[in-house]
Amino acid sequence: MRFKQLIASLLALTVASAASAQDTSIIVQSTTSTANSGLYDYLLPMFQDASGVQVNVVAVGTGQAIRNAQNCDGDVLLVHAKPAEEKFVAEGYGTVRTDLMYNDFVIVGPEADPAGVAGMTDVQAALSKIAESEALFASRGDDSGTHKKELSLWASSGVDPSAASGAWYRETGSGMGATLNAGIGMGAYVMTDRATWISFANKQDYQIRVEGDDDMFNQYGVIQVNPDKCPSVNVEAAQAFADWLVSAEGQSAIAGYKVADQQLFFPNAPTN
Amino acid sequence: MQSIGDALGLAFALVFSGDPDLLEIVLLSLRVSLTATALACLIGFPIGALVAIGRFPGRNAVLVFMNALMGLPPVVVGLMVYLHLSRSGPLGFLGLLYTPTAMIIAQIILIAPIVAALSRQVLEDLHSEYAEQFRSLCLTRLQTVQALLWDARYSLLTVGLAGFGRAVAEVGAVIIVGGNIDHLTRVMTTAIALETSKGDLALALALGIILLVIALGVNAAVQSVRMTATRQAYV
Amino acid sequence: MRMQDVVLRFDADAVLKGVTMDLDVQGCTVIMGPNGAGKSLLLKLMHGLMAPTSGQIMWGAKAPSDVMSRQALVLQKPVLLRRSVAANIDFVLKARGKDIGLRDGLLEHVGLLHKATQPARLLSGGEAQRLSLARALATEPEVLFLDEPTASLDPASVLAIERIVSDARSRGVRIVWVTHDIGQARRMADDVVFLQAGQVAEHSAAAAFFSEPRSQAARDYLDGRIVF
């Protein structure tokens, strides 16, 4: 009967979809900032050619990436929130954390520069000025690596922006790109990682206003998910990917990724 | 500011370039949503039919529940499916998270209530026409359900279309359970979300236009089938 | 069939107020009476589609619901499936576990074989009613209930249907026919039940009914006066 054939083929289709999660693939829980910059589109084909391992990237905020990895829904974690990463390893979810690369955060703002922070290099002073003038500031507000970094910078500048939440301090609760879109839409200052900003296509009249402070350093780390906690981890392939990233080959590949002639990430894995 | 004109131009350029990545995304969107729609119909139609012809205690409660489920937010469905399919969840051993199957499951949960509730309405109307003659013919409940489902086939096609429309257009559930992984689980809506987050609004809009054209095509196909059926008084 | 003191109430309104009658095993009984007299309801009670508020209806020793599957009903407005003419017959044959091969014979019998592949709901009124009859006959009923099947048909269609029903009767099918058409009643009836205001005003053999109606209401009705 035709009807039964239809059901059978639908089931076959469903099973076929399930079969695509093969042994030679891994899932990397990573951040929107790295994915949106296009880095993976550049790096992964190189690694896949070299190793035959299919790398599937799930790009979410650092906080969610870590939680997903804690649920064993990934083989490798590649994020940028060092304290949270170290906690992840300390709690036994990850085996070892390695510094991988860095870039830096910048604060972008509109042409009009309502808080008058253009050209500043002291991020704490710039944030204080924004708070004083009550110029709009759009925050990720999503527990991501960038959000955590931003909160620590507010803390060190002695301002509690949460008091102004909903007034001049706007928490979008979204990814980096969405927050930039929202911030630009409302004329707010936004703190973003440089890589996302350089490759971001909807800049309008926005420019980098604050940059160059050592406190805005943005370190990325790579962690393999612990197979003792998560037996589903593809240990070999995960190891191969992490090893390749910190190898001379992987590091030079990272250094070689450029958008608009600008290098987005600076490899700094420890050499051994 | 990027204009809608740019987006239109880009949409045309994308389509005519025959970009294999785009084709892959479009085909996956169709495969996931059509499979989900077909399976949701397999589940939803019989439930709709049983509620339509059944007179049982608690029927009104079932109706209210079915109608309420129609409003399920996709994100909530996505989270529920994620929690079940996650490696640490009860169905984690299946290894389905971040696969098209997971997306299909989420979309089934999302649209099966719509299919059930709308088909219940369609079948109840038809049943009021057929009921007396069917009772006189001493049909079993199963025979009645089968006859109603078959005779309402063109109306149910429209019901399925409503389900497909919601499935193919939703992003909240598939982005959570699919992960928007390039070449694996990236579909039209998650690609649109991604391009929006990259600030490439023109490309996002261009993808949106392509999605719209696909939706128009599917609707037009169903409409033409229905018109043929209407001419034969089969609707 | 025996009907004893049958009362049917909707809420407080009694629409049948104590109907008692017997029907023979054979023949064609025509039920007549003004609108609202309860003719169609009486038919549905006999068939078992409804249950009386009080009173008893028995087919031999059995209740109507037990013999429903050996009876068939044709309604004034044919309820045809949204399928082809042939599929409408196939549906019933299949549902009743009968041989699909009977279909063409049935369609031939009602003069619709040449329209077998056409959509059933595009048939003319007379054709649709003939298909409805063929479907009823497909169940090989012992009793055939007709609820004003020719009410809105042209004379040729009426005759065609009467011919099919006569043929069924001659093969031993018991006919119970509700109609407003006095000429039709004269042509078809073996006995006539005249129903008025929920009660049997008269039940007599056809010849007697048409020559010497006993009740005033039946006399008025036959003479074309308005009866309430």
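Order as written gives the chain letters A, B and C; numbering starts at 1 within each chain.
One rule holds in what follows: a contact is a pair of C-beta atoms (placed from the backbone, for glycine too) under 8 Å apart; a residue touches a chain by one contact, two chains touch by 3 or more.
Predicted model only: the values in this text are computed from it and were never measured.
Q: Of the chains shown, whose Cα mean is nearest the mean of all protein Cα atoms?
A: B
Q: Farthest from chain A by Cα centre, which chain is it? Let me know.
A: So the chain farthest away from chain A turns out to be C.
Q: How many angstrom between the C-alpha centroids of chain B and chain A?
A: 32
Q: Taking each chain's centre as the mean of its CA atoms, how far is chain B from chain C in angstrom?
A: Distance between chain centres: 46 Å.
Q: Could you give the separation in Å between the centres of chain A and chain C, each centre being the mean of its C-alpha atoms?
A: The answer is 78 Å.
Q: Please name which positions on chain C make contact with chain B in the complex.
A: Residues in contact with chain B: 47, 49, 68-69, 71-73, 75, 79, 81-83, 91-92, 95-96, 119-122, 139.
Q: Quick check on the complex: what are the chain A residues that touch chain B?
A: These residues of chain A touch chain B: 6-7, 10, 13-14, 17-18, 20-21, 27, 32, 35-36, 40-41, 56-59, 68, 70-73, 174-178, 180-181, 199-204, 230, 232.
Q: In their complex, what parts of chain B are in touch with chain C?
A: Listed in rising order, the residues of chain B that touch chain C are 129-130, 132-133, 135-139, 143, 147, 150-151, 232-235.
Q: Which residues of chain B touch chain A once you look at their complex with the stated criterion?
A: Where chain B meets chain A, its residues are 1-2, 31, 35, 38-39, 42, 86-89, 92, 94-101, 104, 179-182, 184-185, 194, 196-203.
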